[in-house]
Amino acid sequence: MSQAALTHFDKAGQAHMVDVGAKAETERVARAAGTIRMQPATLALIKAGDARKGDVLGIARVAAIQGAKRTSELIPLCHPLPLTRVAAEFVIDDANNSVTCEVTAQTVGRTGVEMEALTAVSVALLTIYDMLKAVDRGMVVGELRLLEKMGGKSGHWRAARADI
Amino acid sequence: MSQAALTHFDKAGQAHMVDVGAKAETERVARAAGTIRMQPATLALIKAGDARKGDVLGIARVAAIQGAKRTSELIPLCHPLPLTRVAAEFVIDDANNSVTCEVTAQTVGRTGVEMEALTAVSVALLTIYDMLKAVDRGMVVGELRLLEKMGGKSGHWRAARADI
Amino acid sequence: MSQAALTHFDKAGQAHMVDVGAKAETERVARAAGTIRMQPATLALIKAGDARKGDVLGIARVAAIQGAKRTSELIPLCHPLPLTRVAAEFVIDDANNSVTCEVTAQTVGRTGVEMEALTAVSVALLTIYDMLKAVDRGMVVGELRLLEKMGGKSGHWRAARADI
Amino acid sequence: MSQAALTHFDKAGQAHMVDVGAKAETERVARAAGTIRMQPATLALIKAGDARKGDVLGIARVAAIQGAKRTSELIPLCHPLPLTRVAAEFVIDDANNSVTCEVTAQTVGRTGVEMEALTAVSVALLTIYDMLKAVDRGMVVGELRLLEKMGGKSGHWRAARADI
Amino acid sequence: MSQAALTHFDKAGQAHMVDVGAKAETERVARAAGTIRMQPATLALIKAGDARKGDVLGIARVAAIQGAKRTSELIPLCHPLPLTRVAAEFVIDDANNSVTCEVTAQTVGRTGVEMEALTAVSVALLTIYDMLKAVDRGMVVGELRLLEKMGGKSGHWRAARADI
Amino acid sequence: MSQAALTHFDKAGQAHMVDVGAKAETERVARAAGTIRMQPATLALIKAGDARKGDVLGIARVAAIQGAKRTSELIPLCHPLPLTRVAAEFVIDDANNSVTCEVTAQTVGRTGVEMEALTAVSVALLTIYDMLKAVDRGMVVGELRLLEKMGGKSGHWRAARADI
């Protein structure tokens, strides 16, 4: 594995937005996830919420979708691409006092949507942090990672970890 | 700890951008950090880079600073505020095959800059992921958290974890 | 007409950016309009303007076009799409002391441009309000609606109202 | 009322962002509202929704708050300002088959927040349109207007209309 | 003049958004200018335009003002600041077949507005290029520079060139 | 060459985003360049920098790429398009105490990428100005122009100037 493997840099080692013009437009899917751990009492506040009172997860879901659309503005070498689908799911884990967010992003394009899925998860979890930080500043985001990608020349990839 | 503690929701439980107009403009500082774990060979690529060839961390640093400035666009209930300083540091941990990013954000304003610091760290680590994902899709971001905050009514707060 | 009809929500009722990846890329057109009513003296100020002095409508036209391009950032579940045309027309109605803005938006894409046309009209009329509010705070925007859409699976639709 | 009253244009009639540097920083409040009319069956869908299923109004509320923060990007001659509060309320009117959105925006600054309140209302109502347009393209936004403003040299202003 | 003079880099040479929190909020003014040279026939098209037909300069003026507000998003180490005034003037120079744009930007803040003025000029001139490029691709932007700045610790500065 | 040649205006002379829906999607390339002149001592600071200390050009390169992606937000009548490649090169000219930036932008689309290339160059050079302005406010940006374009109906175009 040589430096040349870093496609975001040209032969002289300078950063560029790599040429994808010759790639075919194919359907691309990426799934990413991440988790925010908190105090039990903080998790209880999330669980108490619903659309009429304190809907933390509903707001985080909107933030995830909106965040996915801003990915190429945030990640310098990322190509802009027209997302065709973004969906975010939240799972509450009482045993671990945590919330896991999983985002699926899709496009029909010349490059993958991994960064869009990861950015959306990240924005969702930070939005949860923002809404709850007044009661629990010690929350920690972790396990932010790609779960799976499909489409494009590199084909299907799946995270190896058993617990995903 | 009651639902009322969630200041981002009004008495009816509806989300709002909470009123900070009556708060004093004081100096606010926040430090946040996060870590990205990778394969040893991937870390070697980062270490091989410099300004003339494959400067992964230099680009991630710019992304962190730029990302901090977009925080209120990404986090729905976050107030816009004029950042007076943003600095990002990276530490390579060979033992754990990881890179840690720490961001300090500051303002003179009516509300804290925790979200700006956390957003900057998150964007920096995802930028690293983006530049290296062609060789290592399994990288994982973790330990994304607030380390310390100063200023404002709630005063000084420091993360309790010994290892920070 | 059941809840299922709301395509912006999945089966569990959660908001998502709906999958349009399987839709064909076809030409899409949408026309929208809206009206701002004001005092006669305020309308006289608009009519007195031209490119060399107080060109209220020229500035509102630029705002409309710029606004159309930001639609997917403003409307949470809206897909980003590459607009191929945006045009805005203004008609002054002396009898009703009002200005009507009509915007046509087009794309070649997988989803319609209704929201782009509506957003552009809305931004144009609010821009007029902004420029004239110092003399007339009581202006009212109304009749903001879709006039017509073409393209896509749902085909041609036209507003039923006789007066359009 | 002469052309000179249009402060957004200089003496030569050219548009500019007017100088507010000499104005005092005072608390500024603005309230704006608007209404979207629809078919009875469409309104029923909104009423059936809650945080767990089809929460149209919850999403529109987030869009309103996010939209308020983008005002100066959308309205060309509008000053950027640090909002200190944004709140959005929705009232369902069964008799008129409509939903009214009212937004309050506040800042401590050199210029008013009327445009922020109006922009937020507009984005909220268009977001409702977006989510329901698949079942009712004929919805109409109207009565989008300023209700009240406080603060600044021009002081307190209230819309004259009896029905507000 | 040593490397230390580059305040945008810390002692280790890493880029940061420099701390301005301790600086006083004072009135800051910057004037910048730039010129676009073209074919005589192209300039004739600009001169033929007015608000009712082909108002190239009116549109470039709006673009300048809008662009000024985006400066901190474009220039990585630039602080966000609340502009209190932006004005753009255009002068047609028949002898040199060129148009000069001059922008004045102002704020009351902790750091200067030179970049805002320069960015606005640049966006204005590129907007002119965009509108005329179909007839003259060879237009050249030049003499883009700061003319004058006032306010802040470094005080009053004026470009030395006699012809400004 | 008549007014009609200005495609950014309709027959009535009103600005619009011109219809490109009927154009074929072809590969488009544009190369643009510009130069910033400075004091010899200022240029020496740039040359002294590298990734570990004061990497002015590395940061300007990131700014160029990021700026290219924002073009349609900055240039009012510019179409949004999905860039497939952006690369920026810098050449230091000791004889003339200047740095030249050249950007190549590419897309597969219905309209050209000249504005993206020019905007990227402009943002890169202003970023250099920003980082060095504390030591040299008199730097001047010049020779900002299109070098070459390929693709689309108008085909291949090359700047005539011998020195490019």
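Just so it is clear, A, B, C, D, E and F label the chains in written order, and each chain counts residues from 1 on its own.
Rule of thumb we're sticking to: contacts are C-beta pairs under 8 Å (C-beta built on N, C-alpha and C of every residue); 3 or more make two chains touch, one makes a residue touch a chain.
Because the structure is a prediction, the values reported are computed rather than measured.
Number of steps on the shortest path from subunit A to subunit F, with steps defined by chain touch: 1.
Any chain bridging subunit C and subunit E, meaning touching each of them, is among D, F; the list is complete.
Note: centroid distance subunit D to subunit E, computed from Cα atoms, is 31 Å. Averaging Cα coordinates per chain places subunit C and subunit D 16 Å apart. Counting partners per residue, subunit F has 15, 49, 52, 55, 58-59, 62-63, 66, 70, 73, 76-77, 82 as the residues that reach two or more other chains. Chain-to-chain contact here is organised irregularly, matching neither a line nor a ring nor a star, and falling short of all pairs touching. Pairwise, the chains that touch each other are A-B, A-C, A-D, A-F, B-D, B-E, B-F, C-D, C-E, C-F, D-E, E-F. Residues of subunit F that touch subunit B in their complex: 49-52, 55, 58-59, 62-63, 66.
Interface residues of subunit B facing subunit E in the complex, by the touch rule stated above, are 27, 58, 61-62, 65-66, 68-70, 82-89, 106-108. On the subunit C side of its complex with subunit A, the touching residues are 10, 14-21, 72-73, 76-77, 79-82, 109-110.
Interface residues of subunit F, counted against subunit E in their complex, comprise 1, 3, 5-9, 12-13, 15, 34, 41-42, 45, 48-49, 52-56, 59, 62-63, 66-67, 70, 73-78, 114-115, 118-119, 122-123, 125-127, 129-135, 137-146, 149, 157, 159-160.
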